[in-house]
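Both complexes shown next keep chain A, but they swap its partner, so chain B is in the first and chain C is in the second.
For the complex of A and B:
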């Protein structure tokens, strides 16, 4: 009998083409990992197979001035209507008010001068929506992967970290519109974050509790693009290097370390595709799920 | 590994954006007083930056967190 080498989701080794077959047991997720030369094949504890929907790459920001950019569109002007944002983040550095996303000054999710507070600002309100406070101890959101969901259902706005509610706000006329503004990820009016973003989804509807559970999926990969179709489909879903149509800056296929070219909107390629500004790259280091 | 160099704003016109990671003159970041900016690159220092002080990622993050580059909450 042999024993697999142990690793964790935040300390997975960086492997290359010559490492085919190397296998690990991930102690924090209880997954079995096998490197196939280009990405991780993952077996979850319930014996479901990760591949088919592998998540090996992320979008990496250096925390100085780079960010991801979606062209301006009124599709993201939700007004007082429902919406949801879901994504994974591993923030390793932040400026005081470093942004997760922003559309000019009209709506922004940003750190709020502390590692455990994120603030969602909108027209008519500038309110802390997430204070990460597990077990009653304000805990840093930095340096670990976290799944973030921001959901507006009617007059209720809620923020979730790893599908646990850490913020709630009643809304009336407060609105989310920014006509003509580029949608930036990793920036708040020039204040940057460093680290990684992944699996970004934007819905023009409020997610249900069941959907939040499904998307968070206990921290495992979940195929939002295929699972929600028709009226339930997100406006956009970005795999940050793991979609076959994602490209590097030269227009070619994606490798670890490449400067990002185009990150396709999986649910509607060619519409709302994402690009990078100032050198954001793909990274397979510490992929979240 | 990326290297970072701070330059005067007046030198932006001499930057070859094919040789740095920054996208364009329109996307670079300036100091709060508008007199300085920075660029980053991989490998050998581009000719137009020769002689400039090079900073590591950790060093530039420290510099950018200072009062010369970071303001109160932006609105």
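For the complex of A and C:
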């Protein structure tokens, strides 16, 4: 078989005129590089496919009123304890305070249309800015896939976009609990986002730096449910159509375009399973990297 | 005693491996269908292959295939 020599973005060599055609695989960016005699031609990856663990489908929301729903559970009442959320998003539209997720008004991650701020609002009117596109008109987070992580470790809350830290807040007494509230994805008190969500994982612990890197670098075909087990296991992991037990609205197997039936929590099927409201569908368009 | 064949980098290969060890870059292996290799885990790191049914390039990164669409 043909193998590429590996390099990294910081150790990428500079070659000479006689090295035309030499090719490398850049392990940190996943780029393929080909030297043309004067510089590098680069191929960016489009997606990853894990053996036996492929990611072909996502949950698609119409931007009007679709959302995904997890039944209320005290398991998601983290109080002042640690937690982490990781997911992929491809947002194409938002209402004024469109929600990426929410548990009533107790805690919710908004992606605001006017100023592109993404912030985590908490009980008591506290909020933490997770990301902000300077200028107020920058739409770089729209129409393409991005990985979002929210991690609380002790008194520190941090938000990451594509594993770059965008926001940090010191927490004192803020509590993340919402007893009796449905956990909604793609909604904030009736304000929707349009686009796609995928590979949603919820932990009742703070991810470590190494875990954040592992999850992000493995892309959207990473088996979070099998990679972290025992005390490290997530509370829930949703593959949004790619788990064998996910179903369409008729209870059958999943096809592209089907209305979502049940999205199984793959780490504990039957507990915290997800359903859809108002017609969210499975989609294989625009596969995440 | 039966000895498993090894690739140049010392990786133990399955006797039934679908990957052709006679090829060296820049000649890469071309599969008719992605399904012929996508579930295999025995390719050496950074093996590059092509699938005709998808028109994609694939690079094996130890645990996953990094995929490049034809632009």
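Side notes on the structure shown:
In this section, the second predicted complex is superposed on the first by the 222 of 289 C-alpha atoms of A that agree within 3 Å, B and C clash if a C-alpha of one lies under 4 Å from a C-alpha of the other, contacts with A are read in each partner's own complex, and residues count from 1 in each chain.
The rule is short, and it goes like this: a contact is a pair of C-beta atoms (placed from the backbone, for glycine too) under 8 Å apart; a residue touches a chain by one contact, two chains touch by 3 or more.
Just so you know, these numbers come straight off a predicted model, no measurement behind them.
Using the contact criterion defined above for the overlaid structures, shared-chain residue A:56 touches neither chain B nor chain C, since it reaches no partner. Of the two partner chains placed by the overlay, neither chain B nor chain C lies in contact with A:9. Looking at the shared chain after the overlay, A:66 reaches chain B, while chain C stays out of its contact range. When the two complexes are overlaid on their common chain A, residue A:32 makes contact with chain C while staying clear of chain B. Once chain A of one complex is fitted onto chain A of the other, the partner contacts of A:97 are limited to chain B, with no touch recorded for chain C.
In the overlay built on the shared chain, the residue A:278 is in contact with chain B alone; chain C does not reach it.
Using the contact criterion defined above for the overlaid structures, shared-chain residue A:190 touches chain B, although it does not reach chain C. Put chain B and chain C next to each other and count what each touches on chain A; the higher total goes to C. Within the complex formed with chain A, the residues of chain B that make contact are 2, 4, 21-23, 27-29, 38, 40, 57, 60-61, 64-65, 70, 72-75. Put simply, chain A touches chain B in their complex at residues 62-66, 93, 95-97, 105, 113, 188-192, 194, 259, 277-279. The part of chain A that touches chain C in the complex is made up of residues 1-6, 21, 23, 25, 27, 30, 32, 43-52, 54, 218-219, 221-222. Residues 7, 9, 19-21, 23-29, 38-41, 43-49, 56-59, 61, 63-69 of chain C are the ones that touch chain A when the two sit in their complex.
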